[in-house]
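Take a look at the structures listed below.
What follows is a pair of complexes built around chain A, which joins chain B in one and chain C in the other.
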Partner chain A sequence: MKRKKNVRLTGAIALISAVAVSLTGCGGRDDDSSGGARGASTGITDTTVTLGVTTPLSGATAGPGTCTVAGLKAYFGAVNAKGGVKFGDGKTRKVEIKAQDDAYDPQKAKSNYDQLKGSVFAMTSGLGTPTNRAYREAAIADKVPQVLVMTGDPIFSDTKESPEQLGFVPTYVNEGEAFGKLLAASGQDHKVAILSQNDDYGQGYVEGFKKGVEGASNISIVKELTYEATDTSVDAQITQLAGTHADVVFNAMSITPLAIASLQKAQQLNWKPSWFLPSNTSSPKAILEPGKAMAYPGVYSVSFAKAPQSPAFAGDEDVKTFLSDLKQYADYPDMPAFPHCMWSYMVGATLDQAFQKMKEPTREGFMKSLRDIKDFTAPLMLEGTSVDTTVDGQPAVSSVVVQKYNGTGYATVENFG
Partner chain B sequence: MSLATGLLSRAWVRWAITAVVVVVLFVLPLQLDEYTNQNLARIGVFAVAVLGLNVVMGYTGQVSLGQIFFVGAGAYVTGYGASHDWNIVLVFVASVLVPGVIGLLVALAAARLGGLAIAMVTIALPIVGVPFAKRLSDFTGGSQGMSSAFSNAPGWTGLYNDQWQLYIVLVVGGAVFLLIRNLVRGKYGRAFAIVKDNEAVAASMGISPYRYKVLAFTVASLIGGASGFLYMAVIQFTSPETMSFGHSITLLASMVIGGAASILGSLLGGAYYVLVPQWSNDIDPNLTELLQGALLLLTLLLLPGGLATLPRVLARTLRRTRTPDPSERRQTPSAPPAPGRASVEETPTVGGIPAQSPTERQEQA
Partner chain C sequence: MGQFIQLVVDGLSNGSIYAVLALAIVLVNQATGMINFAQGGMAVLSAYVTWRLVEAGLPLIVAILLAVLASFIVGGLLERFLMRRFERGDPDTAVVVTIGLLTLITGVCGWLWTYNNQQFPSLFPLHTVRIFGAAVSVRSIGTFLAIVAIMLVVQALFLGTKLGLALRAVAINPESAAFSGLPVGRLLMAGWGLAAALGAVAGALVAPQLTLTPGMMDTALVYALAAVILGGLSSPVGVVCAAWLIGVLENLAAVYVHFIGYDLKVAVPFILIFVVLIVRPQGLFGRKVVVRV
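Then we have the complex of A and B:
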């Protein structure tokens, strides 16, 4: 009865093929989908421009991912309500946003990009190093701008390697360097102990810190230890570092529970140095309070965005507008739990600047005007930071200010101590 | 219907249809738009991965939660080889063999444990794989991943990249599907089915459950490697997230939804893996997981045997509405080509041991 089975299989395959052919109809290849050089690029008409976002909206990184869309929607929602953006070519266009979920999966990010590239003018704001890398080369080949994306990976800000890309947030190196410079400028002698995550994240911070203290005779690095991102405890490393009696700990750590545990462990050992923590593991509520950070002479971190939670900015105009836009246009009624909400709001403002300057409705024209923004203070930016897209090798925001924890939130400091 | 069956049973008609299908498959990439080609290629990648999972789980009944590890390993070997300018054939062979050897070593130990223990061992694979990929940054590019454009269309073909990549998937994936179809329909397939049904019976028939479990697991990891090669050819990028444990579970769900122990089901599973996230994104990007979960439940409630059983379920419903013809009913049992769960339940048993193996029964059908 083998034959009968074959009949069935052949029949099935024939059916599938017939369905496939009829579904696709007789659509031949539409050559040159990106439009000619004379006309407008894909995704831009006389009245609208469409932006694409692929970002994690489900899974473990859904919180920050949702924020990367919410801030953008809030900004352009408010702009559209006022009529739209007045472009450099004299036309006023509304900005539409097509956001898709990639669940932090590179494969899905590429798939989203493949789907979006036929209808969007540019990709923007998406969160994640592997997900952005997954379609970086395709975007270069297709000449689709992939700009102001949320990754600290320096490759996105290297014009030679990534002609169609530009990162938005400061790199890990930028952050480490800012703290190193502040420490070197203190004029006092400091012994620094370094603990870092053994990957590009930790290495970036340490590299930046060393760059910041280069040539400063008052700084000595007494011990450098690493841990793996998968480790469940760093007690051994903290104990070893405590033995050095260093007065500053540079802790390049991205794991929340480990950051809390290291703050606690040092107290148990009665070792009370000043701490540096990276921007994504320095949350007052989530890390410093459970870690009892007030026991230390100082806990420092870096930032470039005003924190809406902080009492210092409760009456700030930017913050008030931001929160009401977020509620009204982005369907995000809560206080933003992640800085990515503020960052993507700034991404919106930066894109707005580029749109206002671009003379032709083309992707080339857009990239040119985007790379020409200097000293622009986007809403929500802290004093001392600005958007500067003209420096090769640097993301749109490379300036950060060092802040010190004061028991409830952070306040910008000029000097160490 | 009988006319169609009569026509189909003639050899030349079947050959003609096969020829037409092959021609259609080779012309199709030239006719379709870029996005459809890319999507079909992606479906091919994951259909192969699901097929591998089907060999070990669907056909042999051993729970494996580590299939994505072999896909990731294959992708990394491909990426490493391609970036070091190895010959493409060598890259392919290595991307299949390296995961295969890992799979064999794991299976040699795990198959001794049997039952749920093998599931526990396979859980460990992706969990170990992700930090491994991050640490071996000299080979894997660390947490930033590695990309490789080895599968761009060569100039002499005059093809677009998406067309060339779809051809790679059609050739490699088609070969894998053909090989596995022959494997599971022959002597080995029968042995797998008996091991799945009852290991004691298998042993009493001179079939070593241990050996066949190891074999199935190794074949699954070889296919996983092939799928990884295709992954790299189509996505052109891999990072530790490729191997994340969640994807293994999605692969498993895809297999069940497509249809366990079914070649066609593997194809449908691949389509599920790729298309459902896209559809849910089109409906509401903020509710993707919820929609996918709802669809999963719905499919399993309506079609417990997976999408591959849809024609059969439809046929049965149709037959019920017609006047029952007793002789026809007896000749065609309600679920002929299912060496899966359905047939196990329906197999007449003698004191708990199947009176006939399902494959034997199927041969008689």
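Then we have the complex of A and C:
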């Protein structure tokens, strides 16, 4: 009996381990398009308009995910308290938000969309490339706007491919290119080591960076390594990259603990290059402080939002209003650790613009007025950046400025070094 | 050569993370005869308790000791009021219950403390020392030594004490153990309690490196299970060696075996398992289960 029991146990473990490995190995994607077309004005009445959000509220990405709802709620909470948005058709409507948790799981995102599509006017603000992709085709078939979503995937900003979609944040390529250009313009020779996540995210950054340094004879890429998003350690990669003695690391990484660990590991190896970090893993409080980033000659990132935790913006009117709205209407009392809180606040302001200009309460009317916003400086936007929805192939925000960490926050820089 | 040594040292330090969880799994298995998939979740819960106590102003070491004590009690209660119902039945059912428990604990941690990454203080500083030209952090050395110490204690507990003998007796044959006058129920509770206490230590050792999140142990659990199978369910020394082996081989394979690289290195421990299970079904260090008829 005992022997049989042990064999069965071993079998069960082997099975579960195999499942775990296959889950780690492939990020499934559900592009099933179903559901019929809905009436054009679902989710909008004479007094309210309802927005749907599917975003990770639990799981590893819940921190940023929670922020994508909090900022939106903060913005429209304040607007509703003043009466609502005065739409282009003359009616004043309050904005309601229905947010559902998808835990960064594409299947759940799709089923959330299926639940929401019958009652919301538009889907917005949700975080995640696989999750937004999971219901992209269905949204096109149903003619449900899926706009100002938080993904750097360029497909959402291609009107031909995605007529009902528009991305909000700069694409990964935009971000990588901005840093590449700055580095190329430095005039000095630089050896660059690249570490990137083995998916569209990492590849997009690397592609943009290479575009930025194209033809620059002063830049040489000495080594490129990758890691999987599910890895618990990148020590081996950092060790290997340290061997190149590169003076710049381009680290296209989206996982918070790994970003901290790579900053720590390089210090332990006594390798002190300058770093580039993507906008969503460059938080001073959550990553740079524990990673002791001041040990490096420079840590660079790109941004388009004012950082509320930075002393430079402590007295800023935008920041003060934002923080108090966040506390009052979104039940988010802490200083946001992720920029997604600021981004979704700007999403609110951009939607507000589109609402004010739309002449009729239909989804078509909304998409038309949404695609017609230019040079709009949403609250919290940094100087030199703006919302522009009129350029095909670009998300609502495609302009970023390169910033350098100064021990407490980031300051915009014109030159590398 | 410098790089090779550094990779080995890094691998040992990663392997130590898997090892500490694997030890807890072995402890439960030796004491109750089952595999507890919730072990990682319980360790995370203990780490959160430690973290809360530190936030409340207690010194780290006191917080860890209190969390160990609390975990011992919670582990015992879980056995008495939840697992007891499934222990007499099909072992597969009990295993599935522990998986459910893992999901539940993860959800509760997320609900109570959010899914944000929390900074967990480390017992050991992050300074580096150089050993054979490789940079090793004091934290890695501390974790490594702590695991060796725990491993020796667990090995001694099972092989050298009456309690260990009684625990093993209960795990192997509860009926006979009861006839011999052993308090089976209390021993099972003690087994779970000890494993949960060990989990609390594991959590405190691992959390500074992985940063505290409810899913912190998920990937580590997969590797820990691999180490358990590889090293043999009955051998604490075996699983620790297997965990180190996995950590080191994974790193070396990623760097020196080109078709594996960093993308396929996750498969390394599982290829090892297949090979070992075919050649030595009881694991590298495990004892063959013999049944007298």
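List of remarks:
What we mean here is this: the second predicted complex is superposed on the first by the 373 of 417 C-alpha atoms of A that agree within 3 Å, B and C clash if a C-alpha of one lies under 4 Å from a C-alpha of the other, contacts with A are read in each partner's own complex, and residues count from 1 in each chain.
In this text, a residue touches a chain if its C-beta (ideal position, glycine included) is under 8 Å from a C-beta of that chain, and two chains touch if they have at least 3 such contacts.
Treat the numbers as computed from the prediction; the structure is a model and nothing was measured.
In the superposition on chain A, contact of A:133 is made with chain B only, not with chain C. Looking at the shared chain after the overlay, A:261 reaches chain C, while chain B stays out of its contact range. Contacts of A:337 after superposition on the shared chain: chain C is touched, whereas chain B is not.
After overlaying the two complexes on the shared chain, residue contacts for A:228 are found with chain B and with chain C alike.
By the touch criterion defined above, A:58 reaches both chain B and chain C. After overlaying the two complexes on the shared chain, residue contacts for A:66 are found with chain B and with chain C alike.
Of the two partner chains placed by superposition, A:81 touches none, neither chain B nor chain C. Contacts of A:237 after superposition on the shared chain: chain C is touched, whereas chain B is not.
Across the two superposed structures, the residue set of chain A contacted by chain B and also by chain C is 1, 3, 5-6, 8, 10, 12-14, 17, 20-21, 24, 58-59, 66, 198, 228, 230. Taken together, the chain A residues at the contact with chain C in this complex read 1-3, 5-6, 8-10, 12-14, 16-18, 20-21, 24-25, 58-63, 66, 198, 225-228, 230-233, 235-237, 239-240, 243, 256-257, 260-261, 264, 268-270, 286, 290, 337. Contact residues on chain A toward chain B in their complex (touch as defined above): 1, 3-8, 10-14, 17, 20-21, 24, 26-30, 33, 57-59, 66, 99-101, 103-108, 110-112, 114-115, 118, 129-131, 133-138, 141, 153, 155, 198-201, 228-230.
Here chain B touches chain A in the complex through residues 4-5, 8-9, 14, 17-18, 20-21, 24-25, 28, 30-36, 38-39, 42, 131, 134-135, 137, 142-145, 147, 149, 160-161, 231, 235-242, 244, 246-247, 264, 274, 277-278, 280-281, 285-286, 288-289, 311, 337, 363-365, going by the rule given at the top.
On the side of chain C, the complex with chain A involves touching residues 2-3, 6-7, 10-11, 13-14, 17, 33-35, 37, 91-92, 95, 99, 107, 110, 114-117, 119, 126, 128, 135-137, 172-173, 209-211, 213, 215, 219-220, 222, 225-226, 228-229, 233, 251, 254-255, 261-263, 266-267, 270, 273, 277, 289, 291.
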